[in-house]
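Each of the next two complexes has chain A plus one other chain: chain B in the first, chain C in the second.
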Partner chain A sequence: MSDEENDIVLSELDDEELVQQMMDDLYDGLKEEIEEGTNILLERGWQPYDVLTKALVAGMTIVGHDFRDGILFVPEVLLAANAMKAGMFILKPLLAETGAPTIGRMVVGTVKGDIHDIGKNLVSMMMEGAGFEVVDLGINCDVEKYIGALDEEKPDILGMSALLTTTMPYMKVVIDELVAQGRRDEFIVLVGGAPLNEEFGKAIGADAYCRDAAVAVETAKEFMARKHNQARA
Partner chain B sequence: MSTDALTKLLSEKDWLMADGATGTTLFNMGLTSGDAPEMWNVDHPDRIRALYQGPVDAGSDIFLTNTFGGNASRLKLHDAQNRVGELNRIAAELGREVADASGRTVVVAGSMGPTGEIMEPMGPLSFDGAVEMFHEQADALKAGGADVLWVETISSDDEFKAAARAAELADMPWCGTMSFDTAGRTMMGFTSADLAKLVETLPNPPIAFGANCGVGASDLLRTVLGFQAAGSTLPRIAKGNAGIPKYVHGHIHYDGTPELMADYAVLARDCGATIIGGCCGTTTEHLVQMRKALETRPRGETPTLDAISEALGGFSSASDGTDDKGPAPRERKGRRRRS
Partner chain C sequence: MTLSDATLTQDGLETAGSGRVLIIGCGALAREILAITEANGMDHVDLTCLPAILHNRPDRIAPALEATIAKHRNQYETLFVAYADCGSGGAIAEVCARHGIEMIAGPHCYSFFDGNEAFAARDEVTSFFLTDFLARQFDTFVTKPLGLDRHPELRDVYFGNYERLVYLAQTDDPALDAKAQAAAASLGLAYERRKTGFGDLAAALAPL
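Up next is the complex of A and B:
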């Protein structure tokens, strides 16, 4: 079916319309359109950091809210995150050159015995989309792997994920090790995964349980703001 | 073709009781978090026999084998991807042994959980790849003497179809349930009505289909009501969790009491479920009370959502995506050409 009159030529849009369109395209997971839009904004002299925050992050925030509210589900969010990643791929080297600020650093991984990384990957992508630097340890992470990464990466946040009731108690093993080393307070510990809940998060000594990737981003931002306020005080 | 044990039981009785939790029970026997439960089929066969014996003694008509994570993708994590045949076959053999010694017909259902991977085009797993993994597992469960295959906790329709195809290739009768844990849908956005529709279109429909795990007992029953509202004619399965997981004294405890699960079982039957069991947190003690309630309490009218939440607690979301009461999709300009 020909639909050409409805087709949009991104380069003909003014900045404001283009950013609006990019948000729609992110929502629809249109990777090539996001790449094109990102390049157009850069050609027009936009700072890489502005493209990131005003187009990509702003667009992913909408996706995140609709995911949180049960309007979008995993397939749509994965497509959106993939499109965002394509835009990020263009921006990353430029951001490094211009020394753009990151709002925080996170180490994230799925716990030992657990192969499930769908939710964890979403968290990783949404956090990047929100401007965090993320080091993803992958699946099946034992306590040594987590602690090693904390030593090496010195993140603000440790994120742990589990999908199985048989693996979720392992989060406590990691937290207990941090407590034993007297380093628990150095990190914000966020946990998530389908069988978890807030009470479980509290019981094992995490800072917060995050119901989904969108909530993880919001929670991480809150904790980072608190951390900065404390540092200033 | 001779009639399988499950079809036979379904023709004789108007409801059947399935089993409870596998993971919870194995933890109570000393399984360590992070270890693969399937290894115990070989390393601790006595504990697996005891796992199966629990529901048999509690009066279950069906129990699931300890093979939930027994596909190559999941076992790879424990470097046991080459042991799919052995671990699944032995799990089914142990089940056969326990079932045959029970003195009545007890169905050995070969549990097949998700691969844990996302399917194409969103993820790396192809349809054929998923079929191959499930087929390998299905053949082994069949060789060990499983009566039926029991595909469970699936969230993606493609993965469900792949498991169905594997059952067809293995020439095995099967049942299939999905986990509706995200605002009343599966995490992939699949609704109860979608599943009811999907099973009718498969070339080899399951003997029964339904829901397992998910959030709480209330949500699960809302899903089962959704199957009924969609006009489904196949027998439906309800296998809900015994409440919500809590961390008590170093282990996971589910807060649903045996009394609550007894109420749940009777309500599940009133919601149109024919096969009723529990999932995470459901112990033998729960099953005994469920059986008793199903045997002694009369059938009732189809409960309203209010009646369910009054008896079992509130729902996790206002809508499950099968009515128009859910959150509205975002207003779009919609000028972009859509494929």
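Up next is the complex of A and C:
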């Protein structure tokens, strides 16, 4: 951060400037500034949902695009995510109180044998930011854990993540079990992780491979819109 | 032959020999491969290596391998690929199969150094592994690319689900042991040194 930026007093900015500054601060991974900005907007009467979408999600979307384009790298994305998480921590209870819209429900977890959860956590956060209810099963999830969560949570979407080429085939084990139970069509199955690609997603019978968290959100929204259209037809 | 870790990491190794057999390997295996070929008098075997840093971008290994095979195909009777799958998701095996070239069996070097069977049986999901090369090059392969030198607060985001760092030792070197132990401490992980020697690597190269 430059000296000039150090001199910025967030509370003296008007709403538009503050939102822009928060997006810059999110990009720079400045957790405390995001907390302060979030509180200021709430004090000014902003709806929690608007703070979330117009400042945090919008800022994180820019981070996502720059990561995709090779401008930002994993450490910077993680710092930005950490800052967004701090803002969401303030907003989450308020969102529940104010009845913010819910687009759909997702169960997500990293597959058996895999303990890597950075990508999954980013997806969870961005999905929540986009208005999805997310049930995070954590890491090293076997087929029983996934199926049990689907029974219990009755989500619209099942998300599976893997970082290792040795563990990604386990996604097919889960999908095959759903097919065997005759329940495959009950769920939208989205898969992601660094070693995956679209071809792999198709080969294992997923509905879509999602390259990053932003794509996961867009894909989930598209599938939910289709689901609602089908229900109405 | 004098080998520099920095060169093996960034540039790999050009072959200087004129043997009948060429091993195309990962720069992280250069010392071990040369130790095996020299110890067994395999003078007919030459070695060229791709940059070891491709370890961090496994999607780039297969295309680099393809180019190296094309470069040396006509100079040698036999080529051998000293890579396991190494996170390529079958892409290295696909290149080898297409060119009729043998490669090392297994998912990665941690597995074949430990012995593929033993490694699979251990099922160490929460262990992070180092070899001799990676213990020497820990900062280049782990600390810097993950930004831990600039943002140590990210350590637990990356390694919070790991429990143990296992140093798979190819040699008995107290200095490397100390480096690996320091790496474990820096990641907040328990430490284990496991002497593997060359594991399945020696058997893989023996038929050459």
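FYI, the second predicted complex is superposed on the first by the 228 of 233 C-alpha atoms of A that agree within 3 Å, B and C clash if a C-alpha of one lies under 4 Å from a C-alpha of the other, contacts with A are read in each partner's own complex, and residues count from 1 in each chain.
What we mean here is this: a contact is a pair of C-beta atoms (placed from the backbone, for glycine too) under 8 Å apart; a residue touches a chain by one contact, two chains touch by 3 or more.
What you see is a predicted model; the values in this text were computed from it and never measured.
> Should the superposition on chain A be reported as showing a clash between chain B and chain C, or a fit?
Here chain B and chain C cannot both sit on chain A without a clash.
> Check the residue A:89 against both partner chains and state whether it touches chain B (first), chain C (second), both, or neither.
Neither: A:89 stays clear of chain B and chain C.
> First (chain B), second (chain C), both or neither: which does A:74 touch?
Once the two structures are laid over each other on A, A:74 reaches both partners.
> More residues of chain A in touch with chain C or with chain B?
Partner touching more chain A residues in the overlay: B.
> Tell me which partner A:140 touches in the superposition: chain B (first), chain C (second), both or neither.
A:140 contacts both chain B and chain C.
> Find the residues of chain A that appear in the contact set with chain B and again in the contact set with chain C.
Comparing the two interfaces on chain A, one with chain B and one with chain C, the shared residues are 73-76, 78-79, 113-118, 139-140, 164-166, 168, 195, 200.
> Residues of chain C touching chain A in their complex?
Contact set of chain C toward chain A: 58-59, 85, 87-90, 107, 123, 125-126, 146-147, 150-151, 154, 157-158, 161-162.
> Note which residues of chain A are touching chain B in the complex, please.
Chain A residues touching chain B: 3, 6-8, 20-21, 24-25, 27-28, 30, 33, 62, 66, 69-76, 78-79, 111-118, 139-140, 142, 163-170, 172-173, 194-197, 199-200, 203-204.
> Flag every residue of chain A that touches chain C in the complex, lowest number first.
Residue list for chain A touching chain C: 73-76, 78-79, 82, 113-118, 139-140, 164-166, 168, 195, 200.
> Can you name the residues of chain B that touch chain A in the complex?
That would be residues 23-24, 26-27, 31, 33-37, 73-74, 76-78, 116, 118, 122-123, 155, 179, 181-189, 244-248, 250-252, 280, 317, 319, 321, 326-330, 332-333, 335-338 of chain B.
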